[in-house]
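Shared chain: chain A. Partners: chain B in the first complex, chain C in the second.
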Partner chain A sequence: MALPHGVSETDFTNALARFRAAVGDEWVFSSDEDVALYRDAYSIYWGEPEERVASAAVAPETVEEVQAVVRAANELRIPLYPISTGRNLAYGGSAPVHSGSVVLDLKRLNRVLEIDERNAWALVEPGVSYFDLYNHIQERGLDLWIDPPDPGWGSVIGNALDGGGGWTAYPFRDHFGAHCGMEVVLGDGDIVRTGMGAAPGTKTWQENKWGYGPWVDGLFRQGNMGVVTKMGFWLMPRPEAYISGTARVANDEGAVGLIDTLNLLENQQMVNGSTQLNSGGAGGFGSPGWSLDVPIYGPANVIREQLAYARSKFEQIDGCTFTESELIMTQGPGQEAPPGVRLVNFGVPNLSTFSLLGRSPFQPNPAGGHIGFSPILPRRGEDLVRFRDWYRANEAEASGGEDLGIIGPVFMTNWERSLVGLIMFPVAKDPEYNRRVRAAFERWVELARVEGWVEYRAPTVYQDLVAKTYSYNNHALTRMHEKIKDAVDPNGIIAAGRYGVWPKHLRDV
Partner chain B sequence: MGVIYDSRHGESRSFGERASILNLPTHAIEGDITDLWQTKLRALWKQAPVTVAGLTERPALFLLEQLGWDHGLRVVYQAEHGLNTGNDAEHRIIRSARPGLKRELDAAGAMWPHALAGQILTDTGEVTSNDYTPSGTAMASYLREPTKLHSWIIAPRSTA
Partner chain C sequence: MRSVNALGSLGAVSLITGALALGFVTTLAQAQESAVQHGEQVYEYWCAPCHNPGPGHPGTQSLEFRYSGTEIPAVLVERTDLTPELVKTFVRQGVLSMAPFRKTEITDDELDALASYLADR
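And then the complex of A and B:
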């Protein structure tokens, strides 16, 4: 067992006893075989001294139990690392950023507390998975969609708080952006409700995001200022229909018009679905050029017109061709999704992605796990081409001249207004291989930083590295985060180090 | 105990057929476990940590093991079966309390799925180990290898 830094064995033993008193013996895990379940299967430091590991885990069932655990931890200075369902694979899984932390496993807080069909929102606890929320809606025959990521076994709250996204319409697929109001247990056990939830008696906690005064919800996104125990989400009323079109350009010059047109159509709210950009034009993958799928959700007669408008805009690009798919009517509550569709685009959570991945011509010897490097890029065709060429130019050097099985770049257009240039790094159980992958990852972070491309999300072991790339004015943002951390959680017990924010007593360790 | 098999593989279908003969409830998958999880296991495990066994590709085990952890279940038996071009297979026992299992499977030749079902579904207590640490599959890879099947038992830790 890895004891938390600076914590005596006596204090740790006392803390576990306090946790047991709060949640019951069976929900405190300290044996090696139980704590092993909280290892990060995709740790790039697997089996090495630097692997981030927990010392124990505690799983409360109620907010009151969370408070009791947090109060005990605060008194005894025990670092806690909250997780929701622990499915954050590729971003650290359920392992803490700071080794020796006690994982605060919130999977038993798994209640869908309220759903309002008339104004399309839900209030949930952290242990509610996308499956849970979907099933809850289906069982009640509500005409609402959720927005599941790929895959759908994770926590609705956990995914939102880590900066995750899904595959239906904007704004719902920006999971943090689609939240409305939260409840948080602070480091001293106090409870805060944000937005309208701070005013007793209001009925609008999930209907108005802003409330009154400074808006603090952002402190809890990729943050460590408290333990989020409830969160509201705006849901999508089931759209009547779905339609999609594909625009193709034959060369890199066409990418400029392609992306500008996409931006126009999204900013006009003519295209609301999760668009998909692929390298390769009319000749398919590997051919010169680019293709872009533009899905639209809404009433059938409206989206037909929207797609026709989109087509007219794309066809103004020199050499652009545009094809339309069949319009698909969506199914009401309790009915199966239309056959042959990608389920996540229709709000249906699933695990199929796991059964699809394996050896491929692009990845003949896959390692198993992966971590991602996901820099944000300007949404312009010139930058798209520039990033691709930059990747190709640096690929061999960054990998030390070896073929490490790194995949990239995959361009994600699912966030509005910006692009993500995703590079996937395989993770294995071989320390020597992982060492080379780490060197390549760190090299890419530095190469990209020089170009002004920095990440929006990172695996736990690289959260410090990426935080350092947000360095304007001598790291003023990090310094501000630290001031807030010191004020809100002075003993620094909540998620030490998460996204590069360390409490005072661990900053120089 | 419920039994999961992957209907895309003849070996796995044979295993499932044998399970049916043993009067065990079976569920066919085609790689993806979503339907199994949504229509059966989710509700079943919410009520009680019921033992399940299977002969599937690796991703199904990867997912079911991790989903089982939340219900106090662990992988207590696991073997890997490399599918050769002939009818036999290369068996590698990864976690089992039964010392002679590989020999018995080797001896069964092409009938190994039947032999496997006979060994692990009828003498479950003899085959399961007391090793409750996460399996190498859960901690290593979700990627499919169509030329390999995994047999496994996921059971409650306390009674395994």
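And then the complex of A and C:
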């Protein structure tokens, strides 16, 4: 067992005893065998001294138990690392940023506390997965959709807090953006409710995001200022129908009009679905040009007109062709999704995305894991082409050889107003292979930084590296985060190092 | 493991008088059935999204490739060669992209039930 940095064996033993008293013996894990279950299965440092590992884990079932654990940790200066469902694979899984932390496993806080069908919101605990919320809604026959990300076993809260997104309509697919109100246990065990939740008896905690005074919810997104124990989310009333069209341009010049038109249609809220941008025009993948799918959700008659409007705009681009798909009526509560659709686009959680990582004729010996580098790009055709050409120009030097299997670039348009350029890095259990992948990852981060392209989310081992790219005015933002961290969590016990924010006693270690 | 223990206990009760033994056997059978049902619930919640038959199930897809050319089925519930120990090893150690499952996800009792369900076929 690795003791937390600066913690004596006596204090650690006392802390485990306090944790056991708070949650019961069964829910404190300190044997090597049990703690190993908290390793990051996709760690790029797997089996190496730098792998981030826990010293123990504690799993409360109630908010009161969370408070008791946090109070004990605060008194004894034990670093805690909260996880929700612990399935944040490719971003650290259930392992801490700071080795030796005790994982605060919130999986047992797994209650859907309230759902309001009339005003379309839910209040949930961190252990609630997308599968759980979906099942809860189906069992009650509610005419509401959730917005699942690719892996349905993720936590609704955890995904939102880590900056994740999904695949249905805006604004619901921006998971943090779709939240409304949270409850947080601070480092001293105190409980804060944000927004309208700060006013007792309002009944509007999940119906108004802002409340009164400075809005603090953002401090807990990719943050470490407290342990989030409840969050509200706005849900989508089931849309009546879905329709999509595909715009294609034959060359890079056409990409400018393609992206400008996409921006116009999204910013006018004519296109609300998760659009898909692909390299390759009418000739398919690999051919010159670009294609863009533009899905729309809403009442059948309305979205037919919206698609016609979108078509008219795309067809104003020189050489652009547009094809329409058939309208699909969506499934009601308790019904199967229409055949042949991508389930996440229809609010149904699943795990099919892992097919990309499994064995197949194309990949007989897969590496097993992966991580990604996903810099945010300007939403302009010129930048799209520039990123692609930049990737091609640097691929031979930066990607470390074809045998590593690094894939790029994939473009994502699912965030409002910006583009994401994704590069995927396989991760294995082989230290030499992983060393080469790390060199490639770090090289791409640096090359992109020089161009002004920086990441929005990172695996735990690279959260410092990426935080350093947000360096305006001598890292003023990080310095401000640190000031807040020192004030809100003075003993620095919550999620030390998460997203590059370290408590003062670990800043120079 | 649970079903093996239950069958072992059946031998012991043969010395007990008829009516009492019958009641005991019935209770054991119910317990065994209940454990299997429990195991099925665990399977449906945790395993089915990857290991059920058909497209969209990455565990099945991966095992199809792994066992192509053999008579071993890719779908876990069609396997007759799984042992409880093997099931537990994969659940607690993971394989390739399947990360291990923690005890807050699948408890030891639930793992016993799952192993019985998958191995007792």
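The definition used in the following text is that the second predicted complex is superposed on the first by the 493 of 509 C-alpha atoms of A that agree within 3 Å, B and C clash if a C-alpha of one lies under 4 Å from a C-alpha of the other, contacts with A are read in each partner's own complex, and residues count from 1 in each chain.
Definition applied: contacts are C-beta pairs under 8 Å (C-beta built on N, C-alpha and C of every residue); 3 or more make two chains touch, one makes a residue touch a chain.
This one's a predicted model, so the numbers in the text were calculated from it and none came from an experiment.
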| item | value |
| --- | --- |
| Touched partner set for A:29, first chain B, second chain C, both or neither | second |
| Touching partner for A:350 - first (chain B), second (chain C), both, neither | both |
| Residues of chain A touched, compared between chain B and chain C (which is higher) | C |
| Which of chain B and chain C A:288 touches, first, second, both or neither | neither |
| First, second, both or neither for A:131, with chain B first and chain C second | both |
| Overlapping contact positions on chain A, where the chain C interface meets the chain B interface | 36-37, 39, 41, 85, 87, 107, 131, 153, 350-352, 354-359, 366, 368-369 |
| Interfacial residue positions of chain A with respect to chain C in the complex | 27, 29, 34, 36-39, 41-42, 57, 59, 85-87, 89, 93-94, 105, 107-108, 131, 152-153, 343, 350-361, 364, 366, 368-369 |
| Chain B to chain A touching residues, read off their complex | 30-34, 37-38, 42, 57, 59-60, 62-63, 66-67, 69-70, 132-134, 138-146 |
| Chain A partner contacts - residues on chain C that touch it in the complex | 45, 49-50, 55-59, 61-63, 65-66, 92, 94, 96-105 |
| Complex contacts: residues of chain A adjacent to chain B | 32-33, 36-37, 39, 41, 85, 87, 107, 131, 135, 153, 349-352, 354-359, 366-369, 429 |
